[in-house]
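Below you'll find a set of structures to go through.
Two complexes come next, and they have one chain in common, chain A, joined by chain B in the first and chain C in the second.
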Partner chain A sequence: MLLTQVDLEAFWLTLRLAGVTTLILLFLGTPVAWWLARTESRAKTLVEAVVALPLVLPPTVLGFYLLVALGRDGPLGSLWQTLGGGPLAFTFTGLVIGSVVYTLPFVVQPLQNAFQAVHENLLEAAATLRAGPWDRFFSIALPLARPGFLTATTLGFAHTVGEFGVVLMIGGNIPGQTKVLSIAIYDHVQSLEYHEAHVLSAILLVFAFLVLFAVYTVNRRFRLQRQ
Partner chain B sequence: MFKKIVAFLFLLLFAQLASAGTLYIAAAADLTYCLTELNATFRSTHPDVDLRVSAGSSGNFFAQIKAGAPYEIFMSADLEYPRQLVAAGLAEKTSLTPYAIGRIALWTLDSALDISTGLGMLTNPAVRRIAIANPGHAPYGRAARAALEHDAVWEAVRAKLIMGENISQTAQFVQSGNAEVGIVALSLLKSPKLANAGRYYLIPLDSFPRMEQGAVITNKGGANPVAREYIQFLRSDAARAIFDKYGFLLPR
Partner chain C sequence: MSTIHACFSLFRGDFRLDAEFAAPGRGVTALFGQSGSGKTTLLRCIAGLEHAPGGLLRVNGEVWQDENGFLPSHKRPLGYVFQDARLFPHLTVRRNLEFGWKRTPPAQRQVAFERAVAWMGLEKLLPREPQHLSGGEKQRVAIARALLTGPQLLLMDEPLAALDAAAKAEILPYLDRLHEELAIPVFYVSHAVEEVIRLADHLLLLDGGRVTATGTPAEVLTRLDLPLAHLDDAAAALDAVVAGHDEEFGLSYLDFSGGRIATPHQPFAPGHAVRVRILAKDVSLTLDEPQRTSILNIFAARVVEIAEHTQAQVLVNLAVGDARLLARITRKSAKLLNLQPGAQVYAQVKSVALMP
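The block that comes next holds the complex of A and B.
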């Protein structure tokens, strides 16, 4: 048996966390990216800077703020509890919230780039054919931005899988609930279980490589198609 | 399609894996190996119980439990933390169980270093790095600091100290050769993993405050009958024999 029960659980938990986070980010990130790509508003720079924050902030800063926000008396934590939810910190739901914040730029930025590459005159041509804004978005912008969606999905997923600092701070280390792969590796190293740490690390290394290789291959193909 | 995706999302979000016989334990890192044996013994009489262990520094667990972390049993390297949880109304007073008294040792894998003279040797220039647990939130770090102060070398060796997040990481710093020596829990050195690794000097009990360790059932665990059985088990002779085997002194 290559993986122990606890490691296998960490594996599925990581996939679940990354899957849920990516889905939520695609729903939330698409309108934000579309707006950023099309707007002339002064607020654009501000929003762009806020979206990019998780790229440069230490995970401990995000983790600390999230811990405060998700706690019993924090704004998110108390709101969630008045809505009938349990405590958020140290739960899977809390991890999802943290991951959505932490991975935001990895989804929004590729989408924004893809939307920016959609020519304005195509949309105007559609408008003269009486296509409404929704129709223009779904029939023209969305299909043309396909490579961007692929990049956003893979990077969002992969970045969530690779998360450590934020999870350590707001997740604790609870098997089956918040113990994701990166934390499981940290735990194995501390317990001097180097064999287990090697197995999990190798899995993540190969995974990360394959994801990036796939993204670059597909992007290259899209570029060649266009030329 | 959209509805299906949303439904799937909610399912993923709220799916709970826990079964009826599950117990979530937050354990001080000095129990990393000892707990494997304790839990195997507990499971021999409770085969259906699923024990979920998180190991780390007691201070961190204390902060997490105060912030609402769902641990049901807290085994702390410092009895003071469970006591404070009881005082704050976050744990059950009657469940408070002192289970062991911790010991610390100066440990090295470097055969060229003579540690038999005790902490005084740490001022030796051949010792470049000394691993201790973080005194800020790890009880073993506080014990190490107290012992260094007791032997009047704290100031002299401060610049050489590297701090582990918990005592198990501290041992890892020494085991991986990144620190020549470390002050670690005796229980880790008694584990099958490290039993024959290097040499250690047992630090006398009178050079640091008594490290009374204790377990408690948190409010989260109050409704879980397994939590009560586990505390009973910690008080049993079988459990005490295992603590003894791992170098702990026994209370009363």
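The block that comes next holds the complex of A and C.
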């Protein structure tokens, strides 16, 4: 057997975490990105800066604040428990919340760029062809922003798979619940189990390469098609 | 009679639009003016693409905008043809045409899908992607797409301006056909006198964001107090009817209220209505009826008004029957002939252009 039971669990947990996080981010990120791409409000710069924060903050800083917020007495943690939820820190739900925050810019920024490339001219033309605002968004903006959605999905997914610091801070190392691949690799190295570390690292390396290669290939084909 | 009544004021940076007008609720109304005169802004206000607060717009009895409300563009039954066709790049020609068609309640549709396709000659283009069309083809698709929304007002923003001469010549016959077959009113933005004479029934002159004159092209084009008569290609428009043909000399005769015009043979049956353009520079004046001249078209005319054009040239507005002609002659000639308003003269027309 190439992978131990614990490693296999870590593998599936990572996929599940990345999948759920990406899905949530696509739903949350699309309206934010659309607003950022279209607004002339002064608040735009502020929101852009907040969205970009996870790009520059050390994961430990972000993880620390999230740990405090998600804790039993933290604002998010206590709100969640008032609403009938369990504890957030050191749980899968907590990990999802942390990942959503940490991966936000990787989804919002490509979507914003894609929406900005959708020319106002075409939306005006659609308006004169009896399409209302929602209709214009779904029939013109979304299809034209398709490459941006592909980039956002893959980057969001891949970035969540690769996260380490935030998970370590708020999730800890509970097998089957919060132990993701990157943590498993760290554990193996700590225990000098280089063979296992090699196997898991290779899996991640090949995965990351394949994802990026696929994105660039599809985007290239899309661009050529449009020309 | 049904009319379109509009009143908009709008500030955009240094530019101020302050336009009020009433236009006939049928036929083609040309919005004419120099670039920067506010033609496009006015058209966008009519379409609801610009929101002019306090604006007023009534189209054939229906209020599209007044102090109580503003109908957004997608709720206005209009068609808009942009200068840059604006086809949707992710949809085929067919899907582009269907875009507005599908969103129009069947009861409001005026033109059958196949009919619009046939009118604009698009049968072979339907499966194509917009990026593989020529400029002229794109514009034909855009016109058909606008027609298929069953508009009660068709707005066209210089649909020919971005095209080369060949593509223009390709599109104009399609526009003529629209003109003849469509009952809906059309607002047509242009800065080409030729297009106006060819297509317009009514003219709205814009200058610096204001409507400075309205009337038929024949009236407005020949008014000496307006800039149109002072353009290089200033011309008069005459409405005429084909009277007959002279097979022996290969000529056609056209009747208008001031007389009979001879032209090279035209492919129209007698009774066909045509519009004739006569450039101001092609008209010369004599006091005595010219004898033994090579010029066939000579009309008795009365000088209505004379205005300075340049230091060397003057413009003369002439009444010929009910029609008006423009003549651009040297100031010296005007002095030698002692031309005054009321004077009886003969206008010799060197060439006429037919705008079928």
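One rule holds in what follows: the second predicted complex is superposed on the first by the 227 of 227 C-alpha atoms of A that agree within 3 Å, B and C clash if a C-alpha of one lies under 4 Å from a C-alpha of the other, contacts with A are read in each partner's own complex, and residues count from 1 in each chain.
Definition applied: a contact is a pair of C-beta atoms (placed from the backbone, for glycine too) under 8 Å apart; a residue touches a chain by one contact, two chains touch by 3 or more.
Fair warning: this is a prediction, and the values are worked out from it, not measured in the lab.
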Answer with clash or fit: chain B and chain C placed together on chain A by superposition.
-> fit
Return first, second, both or neither, reflecting whether A:L15 touches chain B, chain C, both chains, or no partner chain.
-> neither
Check whether A:V218 is in contact with chain B, with chain C, with both or with neither, and answer first, second, both or neither.
-> neither
A:I203 contacts which: chain B (first), chain C (second), both, neither?
-> neither
Return first, second, both or neither, reflecting whether A:R130 touches chain B, chain C, both chains, or no partner chain.
-> second
Considering only touches as defined above, state whether A:S139 meets chain B (first), chain C (second), both or neither.
-> second
Three-chain overlay: angle at chain A's Cα centre between chain B and chain C, nearest 10 degrees, stands at 170
Check whether A:L122 is in contact with chain B, with chain C, with both or with neither, and answer first, second, both or neither.
-> second
Give me, in Å and rounded to a whole number, the least C-alpha distance separating chain B from chain C in the superposition.
-> 24
Indicate the residue numbers of chain A shared between its chain B interface and its chain C interface, in ascending order.
-> none
Chain C partner, complex, touching residues on chain A are 121-122, 124-132, 135, 139-140, 143-144, 226-227
What part of chain B is in contact with chain A in the complex they form?
-> 5, 9, 12-14, 17-18, 24, 26, 29, 32-33, 52-56, 64, 67-71, 166, 168-169, 171-172, 175, 193-194
Along chain A, where are the residues that touch chain B in the complex?
-> 9, 16, 19-20, 23-24, 67, 71-72, 77, 87-93, 96, 172-177, 179, 187, 189-192
Over in the complex, which chain C residues touch chain A? Could you list them?
-> 47-49, 72-75, 78-80, 82, 84, 86, 88-90, 99-100, 103-104, 131, 145-146, 149
